[in-house]
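Below you'll find a set of structures to go through.
One chain, chain A, appears in both complexes that follow, with chain B as partner in the first and chain C in the second.
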Partner chain A sequence: MDNKEKIKTILLDGFIEVDNPNELKNDTPLISSGILDSISILQLVDTLEKTFNIGFEAHEIDRDKFDSIDLINTIITEKMS
Partner chain B sequence: MNLFPEIATNTSSKNLFNINRVKHFVITLLQLLLVFLILNQFQLASQSGITAVAPIILIAFTLYSFIPIRFKPFIFSLTSFTIIYYAFGWFQGSLIIGGGLVILACCHLPLKHLFKIILILLIFGGLAYIRSNQLYVPRAVAASSYIAAMFMFRVFLYLYELKHNSIHNATLWQRIGYFFMFPNNLFLLFPIVDYKAYINSFYQQNEKEFWQKGIRWILRGIVHLLIYQLIYNNWVITKTEVVDLNSLLLHANTNYLLIFRLSGMFHLVVGLLCLFGFSLHPIFNNYFLATSFVNLWRRINIYWREFIMKLFFYPLFFKLKGIKQTYRLPITMLLMFFITWILHNYQWFWIRGSFPISVTDALFWIIIGSCVTVNSIIEARRVRKKIAKPKPNTAYHIISILKMLGLFLFMSVMWTLWSSKTLNEWFYLLSTAQHFSTQNLLYLFIILVAIISVGLLAYQLIKINSIKNLIHQKPSKTIYLTLPALILLATISNSTINSYLPQIASVFTHTITNKKLNEANKQELEQGYYEKLLDGEGKNVTSLWEIEVKRTKTFSPLDEVAIRTTNLLTRTLKPNANIMLNGINLKTNRSGYRDKNYSLIPNESTTRFALIGGSYEMGMGVDKDKTFEYLVEEKLNQQAINNNIEILNFSMGGYHLIQQVEQIKSDTIFQYQPNFTLYFAHTDDKRRLLRFVADLIQNGTNLKYPFLIQVKKTSGAKQTMSRIEIEQRLKPYIGRIVKWAYAQIAKEAYSNKSKPIWLYLPATADEFKTDEFNELKTYAKKYGFITIDLIGIYDNIDVKTIQLAAWDTHPNEKGHQLIANKITEVLLKHKKELKLN
Partner chain C sequence: MFYSSINHHINPTNNNIAIYDSELNAFSYAQLHQKITEIETVFKQNNLTKSSLVILHFDKSFEGLAHLLCCIKMEIIYIPVDANTPENRLEKIKKSSNANAIVSNQFSIQHLNKEKQNLPNNACCVLYTSGSTGNPKGVIISQKSLASFTEWCSTEFNITSTDTLTNYAPFHFDLSTFDIFSGLCNGAKIWLINNTLAGNFRLLGEQLKKIKPSVWYATPTVYKLLMQYGNLNADYQPRLSLFAGEIFDVKSLNQLRKTWNNTTFYNLYGPTETNVCTFYKLPSSDEPLTQMQPIGISCPYAKTKLSDKNELLIAGESLMLGYLNEPNLTAEKFTTINDEKWLKSGDIVEIIDNLMYYRSRNDRMIKKNGFRIELAEIENEMLNHPNIKQVACIFNQQKITVLYIGNKTSNIALKTFCKQQLLAYMIPDSFIFLNELPVNSNGKIDYAQLIQYL
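Then we have the complex of A and B:
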């Protein structure tokens, strides 16, 4: 399972409810569409830290970095490398 | 160093004079012109001076639109500098610009981040010292307010981004422009524009889109300001008028609705920024439609929330990583609201010059913070949200409407807490809710049904595809809506055109523009005349804050000549004093009044008037030889053939009927043997008297006269009660107090062989009340006063032209001249009776 798949699973398990998993695409806006709010972002960050064994900093919590699976993947990849 | 480097944007500077582009620019410029016309004609945001600098903004916008992008930030800053110099002059303007640039330079010193913060805080400490009026440097005080308005929050966002190195491409002029945003020169209370959003949004959209988006936001701001003015001029009632459940709801709801002014001003600001290429995201999102506390927190003043989240909430949440998850969120949220409370006071300090921490203020934020926290925890437990939202049915809509209504009512009640001076006052206000009748409840039920019906209709309407499309249309496609709307508003707001329109248009315009100060604000404003400093009430930022800033510059040194007393007079002036009061010479005679010294015994050929009155008659704000009392004396002497006319002025700023009874019962006045005792009555005298008697009771002053002591006893008003309760208890007795006072004045005058004259002079800021006038005149006649009135004296005159300032509605020189002419004219009509031959 690649990182994007893992992120999608995390989102579907704990944050987003869909009838069909294909509804959630890699570029679906998460924050700007209101699916995730500031509190759920923090909960998501906690889960991502544990899953990928990485650490985030407060200033990284930004709409520009968490607004889609693609963007989340980018920041995780940067941190893992 | 390249002062004008290229800026990476999504818009090209080529083809600036492309015909299509020019066409869109002209339409935008035309709409902006209409905006200024509407603001001017409806007198919206007139205190801000926005219409005064409209030509500068229009020229700047035109120039800005036809220069290459790299020069735009320079022109943007230059516009701000021009407005600053235009408004403040060279000295004060240079203080503001120089001070601002110094703070910006400090952010770039080669120091550690922590030291930069300490340095900035030290500078702010110095500014705070000046702002709190510790030194007498009035021009620096005003400059400190403006510097703070630009830097108080934005500098911390700026430092934050510098620390995290998240903005790499900002030019020098963009950085300067971030602090010197020209709308900030007009509106001290300014939205906290995020630095990153400011840089990243610059010219990233098509010009056609952001120009029209700006116009749409400005139009929305105008609509909010019109709603505000409609409510403010027509429906707001004071706390004293709250007597039952319905009036409590009216008071609470209308006061909460006054937030329309804040959102109106902020929309104007963000719209103007948008026209200059900063396509920022919305600042308010239909906050009255919020259905939960969290939802409201997300919709109301979004920039503030984002600022708090970025600088405090996220860093705190990460700092508390070691704490158990269950406690981490609530602790962070409560800390965040604590900071919000402190920062609201911090902001208020820069605007008002004091740091008014109060129990009610703290309780307001504790309750709001707790509600949002609990609501967030509940929401966090059911985090899974559906991408495709289920289609709501009617029951769902009704529940949503009821939630909105419930939240609106809750916030309205919280607003009353926020604006109460003490908890006692708030509890008393809420206790009036126990008084209601079946009719009251029926009335409320009908309103509830009406709101639900309108809400359901709105839900049905937004389901219609054409309306849905209209709401989500690209800004550039909405010119056909905004342009006619602006033309319509500009047309009906024009008084000449308005007179030819159907009556409904003129009624609409009248209710909006009839800008008499309403009762609630009049109470606030007048308190400032009679007291050295305001005592920190009126926290709803929607009303008098602009006036407050300007007022602190001019009102304060009266205490140099005033002597506070513990008796009914409350204060007197020092005899033989000679001071400059706000540029006006104030000289008192041997009796401590603003007049020359007269001999105790008048000549045989002299007709003497003893004038008793308040600040109008004393001539506050104008030189002695420009007061109407001086001018009338002079004019009458020019007209009189055999007689010498003397008007002895015993008036004193802040004196009301009770003090005037006290004056007249002392020897001071009648030792001069006046032939006439000239008493001045004014519009709204009963309300002023009510406030004064309430002051006496609240301060525990000895009421001295058996009649007043009996009124206090019968009304049940006590010193320990809240201010509103005292006023409400006294209200039914005010007519009787006036009657008693008139009787005392007449009795004393007649027993000293002085004929009493009752002269009614309307105040410039009050609406004429026929009932009150008739009541006062009846009392005056009953006790043998010669009655004279100056009703209609301000007809066909723009009263603003005869007032000292917006924050001081006393007559200016022109006003005194007008009053003097009128008084002379009416006195001469009574020539024989008044021995003026």
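Then we have the complex of A and C:
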């Protein structure tokens, strides 16, 4: 499973209810669309850190950087490299 | 006039710090004085004068606070509106308020209605809150209400110029009147927490160790998130922690008291319509609490009593002047007893050993994460969606669920729709499509039956 699929699985398992997983696309806005609320974002950051074994600095937790699967993948890839 | 009771320290020679913004820049009382004077000139050039009604629509900042204070100085009635308010909701507020102007993010003034309204004398500001008719409603707060509250807070909590107050709540919430006014009136420092910082508890936890605020006033949800994500420990302890807006569950409260073991805690209570009207100082012992804390006793400027159905009725100086341009709604909210106006709070309260305890609501208003929400407002907005024919909204286990009939629509599409209509904290958690909604014998939606679909 690649990272984007892993991120999607995390989102569908604990954060987003959908009838059909295809509704959640890699570029679906997550935060600016209201799909994730402010408390979910905090939980999502914690889950991403554990899953990918990375750590975000407090100032890096900028909502714009977590607004889609694509964007989350970018920030995670940067962290892991 | 209210401004004369809060402006003793706002003068050109006071170089003490008045404000820290969210980037931790410091601004002195002298700078605040200068900024208010500059804004006053601009307001006058724009024909904004005493009893004009102005919407303040911007994120929290030094400049934003100066605008708010300038309104109070000039007795311009202000309506603080969150920077993240969706366009549709802002339009509703513009229309229903009949405001004369709006000051928006870049501090530019846009004129709306020319005619001044006949607003109650002594009005200070209008705080918009969720409305059961489906539209937000504006609570008119008087100068007298804010003056009585500020005076009482200054004494009860002994606020001095050595204090730093955290201003976490947005300006459109009544909680922020404590931080701003009792802080400034006593020459204290105020730390303004804007939307970006308010949502990033990890950063907030780091910053508060630098600012070391001595006083906190926030909802229990905020304290819980600070404990969970803000890395709180005993190295930093405020001297005073006030909470209000919802029940603080005993387990989390004990955890906070254990971390902040030198802090004095108070539970404050009161709807936006009366601001704080009861208070309770928690015991200072280290003993864990075993039961829900009372809302306590009446503040000296407020009067309280129970109706025959145990609804808390509130009177006194902090009472709102009414809902803006909503005479019927205002009349419904008050009851007259012996020629005195009392507000029907909708809260069911029990008195044990002279202390009041909050028990429940007598209507469909809910509290989610400390936010006051009318489920009818969500239902009303959902009906604007082309695929929704009928809708019922319920609140169960801290989650808002919308059940609807019409054409089945993806949850993602419905959430995105809600984001364009509602404030973020009102967006429902989930949506359930049904072929029909259960009705009772009167043909009305049977809300009690809806739980079975969750």
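One rule holds in what follows: the second predicted complex is superposed on the first by the 81 of 81 C-alpha atoms of A that agree within 3 Å, B and C clash if a C-alpha of one lies under 4 Å from a C-alpha of the other, contacts with A are read in each partner's own complex, and residues count from 1 in each chain.
Everything that follows uses one rule, which is that contacts are C-beta pairs under 8 Å (C-beta built on N, C-alpha and C of every residue); 3 or more make two chains touch, one makes a residue touch a chain.
As the structure is a computational prediction, the values presented were derived from the model and not from experiment.
Asker: Tell me the contact category for A:14 with respect to chain B and chain C: first, second, both or neither.
Answerer: First partner only.
Asker: Could you say whether A:75 touches chain B, chain C, both of them, or neither, answering first, second, both or neither?
Answerer: So A:75 meets neither chain B nor chain C here.
Asker: Just to be sure I read the superposition right, which of the two partners does A:54 touch: chain B = first, chain C = second, or both, or neither?
Answerer: neither
Asker: Could you look at A:23 and tell me whether it touches chain B, chain C, both or neither (first, second, both, neither)?
Answerer: both
Asker: Once the complexes are superposed, what residues of chain A are shared between the chain B interface and the chain C interface?
Answerer: Shared contact residues on chain A (touching chain B in one complex, chain C in the other): 16-19, 23-24, 28, 35, 37-39, 42, 46, 56, 58-59, 61.
Asker: Where on chain C does chain A make contact in their complex?
Answerer: Chain C reaches chain A through residues 196, 199-203, 205-206, 225, 228-229, 369, 410-412, 415-416, 418-419, 424-425, 427, 430.
Asker: Which of the residues in chain B end up touching chain A in this complex?
Answerer: Result: residues 160, 164, 166, 294, 298, 309, 313-315, 317-318, 325, 329, 376, 379-380, 383-388 of chain B touch chain A.
Asker: For a test of understanding, state which residues of chain A touch chain C in their complex under the given definition.
Answerer: So the residues of chain A in touch with chain C come to 16-20, 23-24, 28-29, 32-35, 37-39, 41-42, 45-46, 56, 58-59, 61, 63.
Asker: Which stretch or stretches of chain A touch chain B in the complex?
Answerer: Against chain B, chain A makes touches at 14-19, 23-24, 28, 35-40, 42-43, 46, 56-59, 61.
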